[in-house]
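Heads up, the next two complexes both have chain A, just with different partners, chain B and then chain C.
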Partner chain A sequence: MPVKDIIEIRILPALAISRLGSSPLPMDNFDWEIPDRVGYRKIIPAETFHIDTNTGRIIDFKKPEKVQFRDSRNRIRPIAPFLELWGRFSVNDPLVPVTMHHLKKLGLRLSDVHWRVLVGNNKAFRRTKDPNDKILSDTGGFEDFKRKSLKGKCKNFLPGKSIPFGFGQFIKPNLQFPEIRFRFTPAGGFVYGPPSPPGSPIKEAVYNPKHKWKGYRDLDSDPTTTAPAQIFANDLSAQVRSLGYLDDECDGLIEVELHCKNKKLRTFARVVAGPPAFAPDGAPVRTVHDDLEQALLGHAITEKINPDDISNIIRRAMETVRLINTSVMNDKAQGMGWMDRSSYGRAAEPIMNPNVVDNLAILARHELILLSLESGSLAWFARVVRHFNQVGDLSDEGRRRMPALMRGADGGHLALTRRMVNKILQAADLFNQHKPVRTIKKIVK
Partner chain B sequence: MQWVLPTKGAKKKDVFAYKTSRSWKEKSHKWKPLHNPPLSPHDSAIFFLHIASEVEHALMVQYLYAAFSLGGKQVPEDKKELVNEWRVKILGIAREEMGHLITVQNILHAIGGPLTFQREDFPFDSQLYPFHFALEPLTLQSLSKYVVAEMPSEEFLRKHRKDLLKEIQPIKRLAAKGNRSDNINRVGMIYEKVQQLLDAVDPSDFLADSLGFQSPHSAWGTNDTNIVIETANDVKAAKEALAKVAEQGEGEEISESKTHRHPSHFERFMEIYRAFPKTGKWKPAKNVPVNPSTNVSADKPGVSDITHEVSLLWAQLSNQRYRMILLYLSHSLQMDIRPASFYGHLVSWSFGEMYNLRSISDILTTLPQRNNGPKDHFAASPFELPYNLNLPSREVNKWRAHRDQIQNSRIIIDELLEYKNKAHEIYLHALRNSDEQALVIINSVINA
Partner chain C sequence: MKKHEPIEPKNLTAQLAYRGLGNPPTSHPSTAVSNSYPGLEMDFRNVWKHIFKGIELLEYTNLVIGVDKDADEKIKRLTPEGKGLHYELISVDGIHMTAPVTGPSSQHGQQINFTISLEWSNALAEILPKAGQFVRCRFQHNQNQKVIVLDLQVQHFFDVDMDRNGKVIRKRVVISKDLVKPGDLTQSLCSPWQNDYRECGCFYWAASRPDFVNVEPGLNGKSSGNNWMEKNREPQPNSQYIIDDFSDTRLVSYDELFTGWEKELRFIFAGKDEPPLKKSSRKKKK
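Presenting the complex of A and B:
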């Protein structure tokens, strides 16, 4: 393909989720496979880049023999995603990975690719609303292959203090791997805060205790309080005062600028650093992916339903159930039973019949639904799924809808996205009719 | 003892009486005891509850069979959605019959009677049984039997819905024709009788502590308020429970103008009947046998054997999983229910077997009934009862019985896997794995 111009660039993936870990050795890639239709997923090794962090060079590309989430010193290995530069060379061309060969054809050098990382942790600011509580890091533009430390700075920090948010690095392409890549490596997963007495979990004192975050209280009278309220390290007093703790999670942008001869093309991707996954062989029943899919495609299903999507939802429900002590979370003094009482004054009652919520029994129920998906039993499951406008239904029937015993971001009972629910409803109809997969035009409101 | 027609406010002695005419008429006043010699009030109530249980069980199985028969290539494209709606409706009714069956067991618990999961295949006395048991594909004639069995009393219709009374007459004639010329008995009649009998039971025979053994809606209802599963600890609650069961079948509320109520079984069957093809121009159901059997040497009239070797194995698997449902259900209903009692497992497995029966039935109705038979004659789940439905008396041995069932099933699954049918392998492997997981739990209980 002749390359005379480049008209558009993108960073893919547009959103990369990293996971904290204190090991200097980033996590290897892995895939999921489903060896047993009613069993759990199996983690299998996948090919992985190994980078020399001093030079940005790719020193190896191989599949590990086995997947290990901790290093030899038992430190958690961080998930450090790669982001790739993609481009379009004419209006009718598809997006393709941009390589150093493309740059050469365009008369550009690797130094014409300028990167910048802007990340922050605004958790304290979201509550105190003091702009000086924002913790921000900005690398400024760079085009070399040195690993850049992401230092989180904050006006309310003690002099000279910062929180390390991890690293950003432009990966040096080579003939074998000529693509333009960037790697984001998150922080170690440590706690920071104000000077604290010995025995506290704080790795380093960074926050000036004179400022609001230390001793902060959520006020019920403040409608803008982040929901759910009071989920920060606190003094365990009735006032629920913040201890001023901070973590090294962050999110932000990775920007890239391509300095062409007669123009500059710019784009960005988002990165997020979250906690490690301690059940990496499964996924939650509702994920960011589900919400993004709904944001992108809408809640109505107008395209062909893939039965595997439905199996995937049921499987994730099963994987979620296995992590819940269902008997305890069903107790009237725990979980949603307690929430319904404390938030809404509902009578304290278990949600499900306590005699049937044994975790293994509930797991068996999910496995059997998975087993029989194609036989139409999904119709039953579809009937009991909680819709978005039923999260506040505190009747016995309402509280027992699926997913049960879990809380959504709004403090109500968790519902699947409207798009997921519509998929299940339409698939139930589909499976019931014993028809092959078809395009579904009906729109469920 | 004098046998008389029970009347409102009947005394204990009166309720021993019952009708006798085989060709029963609404106005018939010929009554004689159904059980001879007569039974005590308590025993009589248990006897009738057993009849109710057997009838509910039989109806559930016949409705399931009818629902599974629906669909297939012979259904015209523009009728497929309608036929699917019927299938969903009838499966819903079958599910509700399961709720009725559990409610009846709960009332048996309440009065301290033995539970039963038997089924009336060949009743010794058909005075109360709605119609001769027959597994048959859904036809206008089989449908007419279901309509009549679930209908409200003619007396009620005469008073409130003369239009329906008129509409039902030809349906009754068709139903009788399909029932060896015997008239069909209303299911509701059994519940009317049991409610009368409960009044005669000594109040001290209602056991409040039986609630710990009764299965509540919260455990079995799948959060579906249309499924009636009631518990009871006194005569009032027991009668109300049975009234709800009867109401769901007949729906005497059809006289009222409630727009959002759940239609009764009678109304749903009537709706299907009205839309069902009357001319035979097209067939909503596949060519599946009447009363299929896995007993190839059986020489019973009206029984149709499954001889195709693969279909036969699937039919045997279907029977095995049917047996497993009944044993899980039976065991769960005999338990002193409490957390960590493995009750939840029995409930989950019962549901699982219902799904499995559905999956296996769907497979069977795509397989040939016989070797070298017509290509459009399919097999179907035979719902044959095992040699015995009793569970051992010791708790640990009940679990051994469940283990045995899984092992029985494994033998059939392994044999089916030898045929290497790719379309079935995934399901069979998954079923076997699922059984293995259940076996881990079961063995842990046995070895505890």
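Presenting the complex of A and C:
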């Protein structure tokens, strides 16, 4: 393909989730297989990049014999995702990964690719509202392959102190892997804070205790506290005073700038550093991807429903419920039952009939739905699924809607995204043609 | 080895689903929780705080908590200086941002009557396609009920390129810089994050933060298993689930999580604990 120009660039994936771990050895790549329709996902090894962190060189790309989540010293291996530069070379071209060969044809060098990492941790700032409590790491622009330490700096830190947020590295392309890619490696998952007495759990004293975060309190008079409030390490006193602890989580931007001869192209992706998924053979029932998909495509379903999408939603519900003690969560003094009473003064009652909520019984019900999706079982699920504007229905029937026993982003009973609900309703109609459950109004553009 | 398939620029769904060569599934947003209260990997509620140009919303309710310094004077009425924060966004283009809370009260024979702010992601689903346009926003003072009506511009959720007339000519599936700055997506999570594993129960995110593990049918036919936070698991069938209580010394404590979370928290495969951790192979210096 002749390459005379490059008209746009993008970074994919556009949002990468990294996961903390103190091992210097990043996590193996793996895939999921579903050998049994209602069984657990099987974790199988997948081709894994091994990178020389000193040079950015790709050492090899091969499947590990076994997927190992910890190293030989039991440290958790961090999820350190790769981000790829994609581009388009004429208006009619699709997006493809940009390679060093493309750059050569354009008369460009690898040093014309400039990266920058900007990540921050605003947890203390979110509470104290002191801008000097923001912790930010900015590498500035760079085009070499050296691994860049992401030092989180903050005006309210003690002199010379910073929190390491991990690393960013431009991976050196080669003939076998000529694509332009970048790696974000998160931090180890350590706790930092102000100077503390011996025996305190902090890794290093970084925070100047004369500033607000040490001793901070969420006040009832402040309508802007987080929800839930008081979710920080505290002195366990009635005043709930912050110990001033900080962590090495962060989120932010990976920016790239391509210096062409007559123009500069820019784009960016986002990275987040969060905790490991401790049950990595399953997925949550409602995910950031579900919300992004709704933001992108809208809540209405305008295309033919894909049965795999429905299986995936029900499977995720099953994967969630099998790790919940449903009997305990159904108790009036636990979980959502307790929330309903403490938040709204609802009568203290179990949500379901306690005789039918044992975990194994609930799990069996989910398995049955998944096994017989196309023979009408989805109709029942569609009838009892909770709609987004029913989260405040605390009647017996309302609280028993699906997903049950879980909490949503508004603090009420969990509702799926409207797009997920519409997929379920539409599929229920499709699978149960003779007894339509609901008619979905299609939007005609 | 997997090869890269070209992606049409307008196939944004494929771009959103793209995982990247060498990346495991747990690096993709399809494994990150979005029922954020406050969330694990991020608090997704934060993406909505600046969805209307000129104002800042609280991530979890409809309260206006700030206006831009250069905002129109009409907008500045939402946060009058020295008078506290009281204006709540109650509807957008006629769509309600709240829902009633109803049900039987703990006071015998009475009904509860409250209002809940709907989560932004679902409440604003019809509004997002109007990005770039002005929509009618109705705000109400939560004490004196005074109403302010403003036409506010909806920000683009995703990063876009526009032509001179403001028409979108290119959209990328990355969340716009106008909505969240570095550090904003995680700002309202626990500090440190380990607190979430001590304070938030399984009714939030059981698939990522397991609760009920090693489950087997017990002697009475009902399920029997361990609380994931138990330090010592009793072998089946004698295990007894310990109900979450931060003061129960049989469960992992805050300080144990802060210093030793990697050893205290076990991976769960097929519903069961990972094998016992190996003795470290690191050789001690003599």
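Worth pointing out:
Operating definition for what follows: the second predicted complex is superposed on the first by the 429 of 445 C-alpha atoms of A that agree within 3 Å, B and C clash if a C-alpha of one lies under 4 Å from a C-alpha of the other, contacts with A are read in each partner's own complex, and residues count from 1 in each chain.
As a convention for this text, contacts are C-beta pairs under 8 Å (C-beta built on N, C-alpha and C of every residue); 3 or more make two chains touch, one makes a residue touch a chain.
Everything quoted here is computed from the prediction, not taken from an experiment.
Of the two partner chains, chain B is the only one touched by A:R400; chain C is not. Looking at the shared chain after the overlay, A:M352 reaches chain B, while chain C stays out of its contact range. When both complexes are overlaid on chain A, the residue A:F232 reaches chain C alone and has no touch with chain B. Look at A:S372: by the touch rule set out above, it reaches chain B but stays clear of chain C. When the two complexes are overlaid on their common chain A, residue A:I44 makes contact with neither chain B nor chain C. Legend: residue contacts after superposition of the two complexes on their common chain; A:S327 is shown touching both chain B and chain C.
When chain B and chain C are set side by side, the one touching more residues of chain A is C. Judged by the touch definition given at the top, the superposed model places A:L219 against neither chain B nor chain C. In the superposed pair of complexes, A:D281 makes contact with chain C only, with no contact to chain B.
Annotation: chain A residues 327, 358, 360 touch chain B in one complex and chain C in the other. Chain B contributes residues 71, 80-81, 84, 87-88, 91, 216, 218-219, 222-225, 337-345, 347-349, 351-352, 354-356, 358-359, 362, 426-427, 429-431, 433-434, 437-438, 441 to its touches with chain A in the complex.
Per the touch definition, chain A reaches chain B in the complex via residues 36-39, 327, 352-358, 360-362, 364-365, 367-372, 374-377, 379-380, 383-384, 396-397, 400-401, 432-435.
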